Amino acid sequence: MLLASSLWRLNELSGQVEHVAGLQNYRDIVTGPLYRIVTRRTLILAAGVTIFDIALAFPLAYYAARIASARLRPLLLLLIVMPLWANYLVKVFAWKTIVAGDGPADALFRVLGLHIQLGTSVWSVWLALSYLWLPFVVLPVYAAFERVPPSYLEASSDLGARSWMTFRRVTLPLVLPGVVAGSIFSFSLSLGDYLTPGLVGKTIFLGNLIDALAGIAHNQPLAAAIAFIPMVIMAIYLLIARAMGAFEAL
Amino acid sequence: MRKPTRWLALFAVLALVAAACAKNGGTTAGNGSTSSGPTLASFDPSAQGEGALNLIAWPGYTQKAWVRPFEQESGCKVSLKYGNTSDQMVNLMRQQGGTLYDGVSASGDATNRLIAGGDVAPIDTTSFPEYADVMQTLQAPPHNTVDGVHYGVPYMWGPNILMYNTNVVKTAPTSWNVVFDPSSPYAGKVTAYDSPIYIADAALYLKAHQPDLNITDPYELTQNQFDAAISLLKQQNPLINKYWAIYTDEIDGFENGDMVVGTAWPVNQSILVADGTVPVASVIPSEGVTGWADTWMMSANAPHPVCMLKWMEYSLRPAVQTQVAEYYGATPSNTASCAQLDKDLGKDAANYHCGDDAFLSNVALWKTPLSDCGDNRGSTCIDYATWTEKWLEVTGGA
Amino acid sequence: MTEGRLARVVIQAGAALAMAFLYVPLLLVVLYAFSKSIGFSWPPSLFTTKWFAVAFRDPDLMTALLNSLKAAVVATAVALVLGTLAATAVHRYRFFGRESVSFVLVLPISLPGIVTALALSSAVDQAHAAGLPLSFGIVAIVLGHATFCVVVVYNNVLARMRRTPGSLVEASLDLGADPLQTLYLAGTTQTLPLWIFNHIRLPVDRPIVNVVAMLVLIASIVPVWIAQRLAGGAEGEGVTAIGTPRGGAAP
C-alpha cells in the first residue's frame, strides 16, 4: 500500500492524489539536498540517543541484576519501568520546561560555572529522546545480565582470571545480545519520532518531514516515498541485530 | 506537470465530484460542479436537527461558554476536534470521504483547497437572517466565494501582528526588519510562524523594501519573486529561536524569555497579558500585515447537515461573535457585534478594528497560492505544493 | 562477587545517575500539577489544588478514560490469544517459515511510528474509497495496541515465563503510553492520550493534564504491585518480562 502510494503524485489545485504511477517522488528524494541532509541528521541523532542510553542503561542494569540485594531488586525494576506509565507528551513537556531559557538546566549549568544554553538546540532533543527510551534499553540489558550463569563467572575466577578479565571475556559477550536488543528500541523509536523534535527543538528530522508532507501538506505520495528511508534503515539494522543474536534477548 | 496527467487529474476530480453527488442524493447538501447548477444548502429554522455535530476548529474557537447554549437550544451535541494548522484541517476534512466531520472553521489558505477538491457544500447565505450585517469586505470574498457561489459563512478575522517583550524591546518597532534583518539586535530570540503560508510575510516585506521585484500580491509570486522571499527566509533562519506552529509554543517561548519578538496572533497576546508573566505589546508595522479570515464550511458529505446549518446561523449572531472575539482577541465579521464590543472593551476596542472595512482591505488575507496568478501574468506563479516544499528547506536548514 | 572495589563504585554511581535522569522530569510533572500559573514557566508558582477539581469535572476526560480502558482490555485479550497461539506453534511444531516468525513479529514494533501511522491512515483511506466501511474507531486503536502486545505475549510464553499475569499490567500500560503518534494522524475516538494531546496545548487547561498524568501513574502502580505479589519470589522477572517489549508501543 505504502509502496503503491509512493508512486502517485499530487494534483496542484485540489491537493488531491492522482493515481498515476511514476518514479517522480523517488527522483525528488535523490536529487533534493534536503532529504539527504535530514536523513544524515536523523541517523546521527538516533545513534547518539542509542549510545547515551546504553551508557546509562549498562551500569543501571548491572547494578540491578548483580549488585542489588534480592529484596531491593523488584523495587528497582518497578522504578525503572514506572516512567513508561507516565504519558509521553507530559514527559516531553517536562523536558521542554527543563531546557527552556532560565529553566532548571540553565540554573544547574550556572551553578557548575558552565556557559551552556540548551534551549531549542539538537542537544535538547537528544536528551529528551534518550530519556523517553531509556527504560526500553535497560530491560533487555538487565535480562541479559540475569541470564549470565553464576557458574561461568565462578569457573572464570577459579581459572585465575581477574575481575576485569572475567567481565571482558565472559560477561560482555554474553550481555552483548541484550544491548543490541535494547538498541533496536532506542534506535527505531528515535528514527520515527516527530513530536519530540517538534515540541522541544527547532530542527526538523525525518519524522517531521514525513509528518509535514503527509499530515500537513497532504502529499501522501512523497511522504510514502520518504517513509521508505527509515524502513530500509530499520530492515538493515534488524538483520544485523538478528545475526548478533539479539532476537533471543528481546 | 505533464499534459496527460492533467487530463487524468481532471477526470479523477470529476469522478470524485460525481461520486460525492451520487452519495448525497436528496439531502440538503448538493455539490457545486454539476451541469444543472449547484444545489445550495440552506438554513431552515424549523428543521429537526440530527442530535449531533462534529466540528474541526481552531483551539479557542469553540469554548464551552458559547457551545453549551447552542447544544441546549438546538439539541445538537457538539464533538470537537482541534486543528492546529490549516493543512491539518484540510486533511481531517477529507478523512473517510468527508463523512467524519460536519464542518470546519477554515482559514483562507485552506478554503480554496477544500472548494477545489469538492470537499465542501455550497451554502445559501441569504437563508441566514444575520448575513446582511456581515462586513462589506467579507460578503463575498474570494477565499470562500467562487463564481458567485458561497461555500460558508464568515466567523472571525484578524491580523498577524508584530508582538514584542517590552522589557527587552524598549522602543516599539515600526518595521518587520527586527525579525528579518541579519543585524537585528534580537538575533536568536526571534520567532516566526511555522507554516508555508509565512512565505507571504517575507513577500510582503520585500514588496516594501525591494520595489524592483514588483510584488503585487504576496500570495501570487512568480519564480524570481518567490526565490527572493525564500532567500530572505533562509537568511532569517539563524535569527530564529524556534518557529511556532502551535500557539502555546509562542506563549511558552515568550514566558521563559527564549523569544522576545515575532509574528503573533492577537490571541497569543491576550493570553500573555492575562497570565501576566511577561509584559508584551504589539504593533502593525509600516510594511503592513498578513492576516486571516475564517469561514465555517460544511462538508459536502456532512453526516449532520441540519445541525451544521444551525451552527452556522448561531455562529453569525452578534452576541456569539462578540463573546468569541473577546475571548480569542479576534475581530467579528458581523458588524452588529461592534457596539457591544466597544461597550465591553472601552478604548481597547480600537485594536479590533471592528467593522472597519478600510483596515481589513489593507490586510493581506491568507489564501491558497495557485500557479494561476489570477491576472495577466497567466500561470507563471508558484503553487502551494512548491511553497510547502521550499518551506521545509527553510526550516530544515538545507 | 567478581567485581573489584573501584568497579562497584563506578557502577553504583552510574546507576544512581541513570535513576536521577529517570526521575527528575517526573518530579517536575508532579510539581506542575500544583502550579498556579497556566504556563509551564520555571520556577512554578506553587501551590494550588484547584486543577484536581477541574479535572474531575471534565466530562470529556471521563469518556476518554473509559475508551482507553475498553481498548486496553480488548487489546490485551486479543494479544494474549494470538501471542500464545504463535508461541505454541513455534514451540511445538516444525513448519515452513518457522525461523522467520519472530522476525515478522518484531518488525512492526521496530518500524518508526510515523511510518505505521502513514500506512494505517492510507489503508483506511483506500478501504473507504473502495466502499468498505472501515473506520478509525476503537477497533483501530485495539488493533494498534494488539500488534505490539502480541510480541510481548509471544516472547513471554516462548520463554516460558508463565508465572506472570501479564494481562493485568498491560491493561495499565495502555493507559499511559499509547501509539499516540499513530492514532493522532487518523484517530477520531477520544482516548486518554488523545485527550492529553488536545489539552496540553490549550493554555487554559495545561495543569489539569499534569493532574491526570500523575493520577494515572499512581493508579498504574496498583496492578503492577498485584502482579508482583502473584509472581511471588520471581524476583522481578515479571516486571522485566512485561516491561521490555513495549518498545514499539510508545509513540
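So that you can tell them apart, the chains are marked A, B and C in the order they are listed, and the count of residues begins at 1 in each.
Definition applied: a contact is a pair of C-beta atoms (placed from the backbone, for glycine too) under 8 Å apart; a residue touches a chain by one contact, two chains touch by 3 or more.
All of these numbers come straight from a predicted model, not from anything done at the bench.
Chemist: Select the chain at the greatest separation from subunit A, using centres from the mean of Cα atoms.
Modeler: Farthest from subunit A by mean C-alpha position: B.
Chemist: Of the pairs A-C and A-B, which shows more C-beta pairs in contact?
Modeler: Looking at A-C and A-B side by side, A-C shows more C-beta contacts.
Chemist: Between subunit A and subunit B, tell me the centre distance in angstrom, where each centre is the average of that chain's C-alpha atoms.
Modeler: That gives a centre separation of 37 Å.
Chemist: How far is the middle of subunit A from the middle of subunit C, if each middle is the mean of its Cα atoms, in Å?
Modeler: 16
Chemist: In subunit C, which residues are in touch with two or more of the other chains?
Modeler: 40-42, 206
Chemist: Two or more other chains in contact with one residue: find those residues in subunit B.
Modeler: Each of 252, 256 in subunit B touches at least two other chains.
Chemist: Would you pick out the residues of subunit A that each touch at least 2 other chains?
Modeler: 96-97, 100, 102-103, 215
Chemist: Which residues of subunit A touch subunit B in their complex?
Modeler: 9-16, 18-20, 32-34, 37-38, 96-97, 100-103, 119-120, 198-199, 201-204, 209, 212-213, 215-219
Chemist: Residues of subunit B touching subunit A in their complex?
Modeler: 1, 5, 8-9, 12-13, 16, 85, 87-88, 90-91, 94, 113, 116-118, 196, 240-243, 245, 249, 252, 256-258, 370-371, 383-385, 388, 392-393, 395-398
Chemist: So in the complex, which bits of subunit A are touching subunit C?
Modeler: 1-2, 5, 55-60, 62-64, 66-67, 70, 73-74, 76-91, 93-98, 100, 102-104, 107, 131-136, 138-140, 142-143, 146, 153, 156-157, 163-164, 166-167, 184-185, 188-189, 191-195, 206-207, 210-211, 214-215, 220, 223-224, 227, 230-231, 234, 237-238, 242, 247, 250
Chemist: Going by the contact rule at the top, pick out the subunit C residues touching subunit A in the complex.
Modeler: That would be residues 2-4, 7-8, 10-15, 17-19, 21-26, 28-29, 32, 40-42, 102-103, 106-107, 109-115, 118-119, 121-123, 126, 151, 155, 172-173, 175-178, 180-181, 185, 192-193, 196-197, 200, 206, 209-210, 212-213, 216-217, 220-221, 224-225, 228, 235-237, 239-240, 242-248, 250-251 of subunit C.
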